[in-house]
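For clarity, chains are labelled A, B, C and D in written order, and residue numbers in each chain start from 1.
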Amino acid sequence: MTHALDISGLKKSYGKAEIIRGVDLHITKGERHAIIGPNGAGKSTLFNLITRRMAPSAGKVHLHGQDLNGLVPCKINRMGLSRSFQISNIFPRMSVFENIRCALLWSMGFRYSFWSLVDRSKPLTEAADAIIEQINLTSRRNIPAGVLSYAEQRALEIGLTIAGGADVVMLDEPTAGMSNTETDYIVELIRKVTVDKTLVMVEHDMGVVFGLADRISVLVYGKIIATGTPEEIRANPTVQEAYLGTAIKAEQ
Amino acid sequence: MTDTTPQMTDTGPMGLRLKSAMPWLCAALLLLILPQIFSANATITLMNQMAITIIFALAYNMLLGQGGMLSFGHAVFMGLGGVFAVHVMSYVEAFGAPLPLPLLPLFGGFAGLLLACVIGSFSTRQAGTVFAMISLGVGELIAACSLIFVTFFGGETGVSADRTYGLPVFGVEFLRQSEVYYLIAAWLLLSVFLMYLYTRTPMGRMANAVRDNPERAEFLGYSARWVRFYSFIFSGFFAGIAGGLFALNYEIMTSESMSLVQSGKILLITFLGGMGYFVGPIIGAIVFTLLTTVLGRYTELSALYVGTVFVLTVMYCPRGLAGLLMMHEPAYRLGKLRRLVAPYLKVLIPVLVATLGCAALFEMLFHVRHAPPGDHEMRLYWVTFDSHSPIAWGIVIGVTLLAIMTTRALIPHIKDAWHDANTIDKGAS
Amino acid sequence: MNKTMKGLCGAVAGALLTTSASYADTIKIAFIDPLSGPFAATGENAYHLFQYAVDAVVNDQGGVLDGDTFELIGLDNKISATETLIHLQTAIDDGVRYIVQGQSSGVAAALIDAISKHNRRNPDQQVLFLNYAAIDPALTNEACSFWHFSFDANSDLKMDALTDVIAQSPELTSGYLINQDYSFGRAVAASATAMLADKRPDITIAGDEVHPIGQVKDFTPYARKIVSSGADFVITGAWGADMYGLGTALISNGFTGPIYTYYAAASGITAGFGEAGKGSLFIVAEGQTNPPVSEEAAQYVSDFKTAFPGENFTLARTSNVMRMLAAAINEAGTATDVVAVANALEGLEIENPFGGTLYMRPDNHQLIQDVHVMAHTDEDIVNALDGSPFGLRVSDTVAAAGRDAASSCEMDRP
Amino acid sequence: MDLLLVNLIDGLVTGLLLFMLSAGLTLIFSMMGVLNFAHASFYMLGAYFGYQISLYMGFWMALVCAPVIVGFLGAVVERYGLRRVHQHGHVAELIFTFGLALLIEEAVQFFWGKSQVPFMPPQALDFALFSIAGNAVPAYKVFMIFVAIAIFAGLLFVLTKTRIGMIIQAALSFPRTVEALGHNVPLIFMCVFGVGTALAAVAGVIAGPVLGTFPGMAFALGSIVFVTIVVGGLGSLSGALYASLLIGWITTFAASYDVGLADILNAIGVDQPLDMRNSPWRDFWSITLSQVGPILPYLLMVLTLIFRPHGLFRKGGL
């Protein structure tokens, strides 16, 4: 069985400083996988390497068995991998509806089309409205995305990420900087939109991680020190020592 | 921001068709009757010039406003399109090829498209400063080439041809300016319509997306580079169409039409009109053409005034004239636009007086400095007076100061009125 | 809203264009040349010279026909062909039948082309083009037109005169040709090469090159090359900032031989060279003012300077244009039938107060006149330039230059 | 060979003159992110103010006073114009300086007229210092070289050895941090803009007498200065110096050596067709180096941007 995402020997260094020091990770289809680790462990860098926002110094990433080496982000996206960003990365001058519509264009086969009108495509409008419905932004449909509240922008970010129908969804700290109720709303949303999809997420909030993930990897100083189910991780003494203990204490 | 039309999905399909077709029908009607009102050849030439500038400015705005690419060398596409169209015209003239003249701009368009394909292949890799500087360099290179490759570009004399040798279309041989006007008007309507539709296609939408956030667009499956490339070549195509129409209208293309000055001018026009709006470049082209033509007739300092207007626009209303108009949209929606009319009229008079007063001071200073010594008599605003007399200076300075002070005094009133007209919408923007 | 804008603007434009009513007793002449931008100084000076000529030569002498007067309308074309064509249209609408233009042969060629087309398409609105300064020889040869009259000696005629002078200077043995890279510059170089080879086969051409027009910031490298080539004289058709840059670079880098030019005078150039240019700069031109040929000419120059203090008097031919146009209109008995006026102009011969006679060659519409080689100096100068003590003094004269030179003009006559 | 030496000197003069402009421009760019289109206009203002002052107080006073006046004007422009536009983004800023360039050109014509003004080198330097194979080297050019070198040394000293220089360098990379440390960044910006324009004005005063003082002088130089800092790598002072010298020498040597494209093509074995009169390629065959000299910098820039977008003289990324 091929994994949804296969990462082997991934490294990234700036001059002498090695940020990612050889990561191996296998994520099966349909799994919800969380990557946790202390600040500066290189979680976002790992994300950026997988999605080719940066080029790795060594190592390989396979998506559904296909090597991603040398591909540009748009190609990777078309192969079915989609990601969100730690800092909201939306189109602030466009309305919510248009944001989602842009995210749908490629997957609905419009490509670089200049002969069809977006307003006239009923399926497109319906699909966009369905996703807006899904992310609970129907009431904000025609408002410029830049004036949405922070939580709404995060929701929109998730909407943009899943709209294209990618089967591997990568979320970079989806609940960062949110209040408890907002966090619950986003977790619910993530659960809803990632049904039957592979989810990879970086997250700080342990409540979110242990509530949502099927498996968890712990990244410390550019290396994965443990991978397993939430229970295994909770019980793992190395993790306890390196990281979790303090984090869990802080949670409680 | 670019999305100036209200969401159309609210109305039914029939209503939608009619509602969205109305402006186009009105425009077509207006273009039809304009030459009946202004039948002088010179006015028609002016309108032709305006129409060509509109197409060019809209094509330019496809890059600047919609694609976020600042180009300093866009005139080369128009220029090359024009030169190519002239060569096609001479070919028709020399060999009697059966080409109806109305199709000629298409050749210009394809020439622009081709050149844009070549240049775009390397210039659209990046946006921002790199793109801007490549466009500047390429613009200079091609402008210089137009003087070096005389066989194709004709050097500073340019290339010329005679449009009347084409196939007559329904008996029209394009001997008269007004016949050319209708041809250009038709192309204007068609090009504007196509460019408008373009903004509503997936490509047009993605051009905006790439402008705002190229990285996000990449992670949505679109290659920012290809999106920029397509915007670039379409822009080149329409610039070429403008060039073809230019060739048709003037029957000559010189190297001047490719110069940096022309590229700079179209940037001014687009910015003046408002690059964030589809209608911005149209307004810009009309206002700029009128401003330069009309001012040029009355004063030697027209370039100074145009420059001042431009700098003031950048400083005080960076969204251009269209932005200024769009500011009134909320009030219009609230149906309170009428409340602004009286305050506007009230402030209009002192503003007008102050502007004219400042212009008068410039003119008088210019006269004192540059008129032949001993020539003290100058004529301004239908009054003849002595430019060296302290009385004249005193009056002008006094009136101007008074007008400025009145304007300042009226500003709170305007603010109140503005606030009043926009009150319900307080929360938004 | 863009439509209302459009309508409003159109209305304004229309109103502006229709207000100027025409009078039956004035003959309108449009002066289309740069009045703003980098070439404005020369254009403006020419405009003032024409303004003065219109009054002094025609209107104050009782006008033409039965008292009709000339009216000069200045239109600023910013030395752009496009602007020129727009102004041409405006002018024709205003009832103008005579166009005066001169700066830039490129614009002149565009005008000839446009006027030929216009006259063919609108037989009831035909216009004549009186060119006072564009001297690309093509304009009176292969590109000639019945509607175009050239009142300056074209560059071949000037070169003919210049090479005559060079031919008589045995001390000159090696020449360098440096010109701007465009049709006129290349024409100067070509005719210089051909004529020198013909008249003084012993002179070697040490260099013949063109430089980009208006692009060279520093002429020092060119000057170095010229000095090193061992040339003892230079010929250039450069003008404006290029002329000044080239000249100063040559002189400051130690070039001592004569620099024969077409345009090294006025517009700040004379004052700019000052003492440094004395003995080096020569210019080939028509219109002798130093020393004055006649009392009448001297009076004309000083009257102009009274009317326009601080202005240069350089283009004596501006008065000739008006003089000949008035004579032709009187002979034709009409100012509105420009074909008749053109026919009257052809072969017209009158006295030139600035020396010699003026004769309009009928076969190519080239005015034949005396061409002079003048020196940049401050000795014996009556008509000084740029407010400096320097001016141009005639050192050699070729009478009626090119009266029977060959011409390749094949004119389509109406 | 002698000519080579002379050309090296001339190219050095041109290059250093370019450097005086590009130094200010690149300082302004790296601090404020503004590509100042009006930079060459301040150079022109320097020349014109220099001319006006030299009429009354002589050249040396002009060399001191004109840059001060222009620098002050530059600071005013920054304070009341650019800062206002800053909030609307870089495109607006760029367009503002573009409009400013137009306006300054018009203003210069308004006050000094459209003709060239007779701005002369000072009498004391108006002689040939030495000559190489008949080619005189004017003392004034040597003076230009010294002024440029003095400016470069001064700039280097200020930037690396003084406190204010440290702050400027820090503000270059981390404007927020510097602001947080209590330094008045807007004030620093204003001063840098003023100093940058003053440098341009120095160049104007010393170049005006040799290259001519006329309203088109800014336009002639404006885009070349851009090319210089782009080729040198935006925001790099040493890159600007290398690029200035490179472009100075390229244009000088291109103008002095008559190499035609035909020569090159013949050398690599491509034969020129005999009858070129009606060939569409005849212009191609007749291209010479001096003909294309002034546009070589643009070609260099385009190639640089395609292959090394961060500048010819920069290693690695930004």
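Basically, contacts are C-beta pairs under 8 Å (C-beta built on N, C-alpha and C of every residue); 3 or more make two chains touch, one makes a residue touch a chain.
The structure presented is a predicted model; accordingly, all values stated were derived computationally and were not measured.
Visitor: Give the fewest steps needed to get from subunit A to subunit D, where each step moves from one chain to a chain it touches.
Guide: Minimum number of steps from subunit A to subunit D: 2.
Visitor: If we look at subunit A and subunit C, which chains touch each of them?
Guide: A chain counts here if it touches both subunit A and subunit C, which gives B.
Visitor: Specify the chain with the shortest distance from its C-alpha centroid to the centroid of every protein C-alpha atom present.
Guide: B
Visitor: With centres defined as the mean of C-alpha atoms, identify the chain lying farthest from subunit C.
Guide: Centroid comparison gives A as the farthest chain from subunit C.
Visitor: Between subunit A and subunit B, what distance separates the C-alpha centroids? Give it in angstrom.
Guide: Each chain's C-alpha centroid was found; their separation is 44 Å.
Visitor: Suppose each chain is reduced to the average of its Cα coordinates; what separation in Å results between subunit B and subunit D?
Guide: Computed value for the inter-centroid distance: 31 Å.
Visitor: Using mean C-alpha positions as chain centres, tell me how far subunit B is from subunit C in Å, no decimals.
Guide: 35
Visitor: So which bits of subunit C are touching at least two other chains?
Guide: Subunit C, residues with two or more chain partners: 36, 181, 212, 215.
Visitor: Find every residue in subunit D that makes contact with two or more other chains and list them.
Guide: Those would be 113, 291-292, 294-295.
Visitor: Residues of subunit B touching 2+ other chains?
Guide: Those would be 144, 148, 150, 303.
Visitor: Which two-chain combinations qualify as touching?
Guide: Chain-chain contacts present: A-B, B-C, B-D, C-D.
Visitor: Okay, in this complex, where on subunit B does subunit C touch?
Guide: Touch list, subunit B to subunit C: 23, 26-27, 30, 34, 37-38, 40-43, 45-47, 49, 144, 147-148, 150, 155-158, 160, 162, 164, 175-177, 246, 250-252, 254, 256-257, 279, 282-283, 286-287, 290, 293-294, 296-297, 300, 302-303, 325, 372-374.
Visitor: Which stretch or stretches of subunit C touch subunit B in the complex?
Guide: It comes out as residues 1-3, 5-7, 9-14, 16-18, 35-37, 76, 80-82, 85-86, 89-90, 92-94, 104-106, 109-110, 113-114, 117, 121, 181-183, 212-213, 215, 307-311.
Visitor: In the complex of these two chains, what residues of subunit D are touching subunit B?
Guide: That would be residues 35, 81, 84-85, 88, 91-92, 94-96, 98-100, 102-103, 106-107, 110-111, 113, 223, 226-227, 230, 234, 280, 282-284, 287, 291-292, 294-295, 298-299, 301-302, 305-306, 309 of subunit D.
Visitor: Give every residue of subunit B touching subunit D within the complex, in rising order.
Guide: It is residues 64, 70, 122, 126, 129-130, 132-134, 136-138, 140-141, 144, 148-152, 260, 264, 267-268, 271, 301, 303-304, 306-308, 310-311, 314-315, 318, 362, 365-366, 369-370 of subunit B that touch subunit D.
Visitor: Using the touch definition from the top, list the residues of subunit B that touch subunit A in their complex.
Guide: Going through subunit B, the ones touching subunit A are 1-3, 7-9, 197-198, 200-206, 208-209, 212-213, 215-224, 226-227, 230, 234, 428-429.
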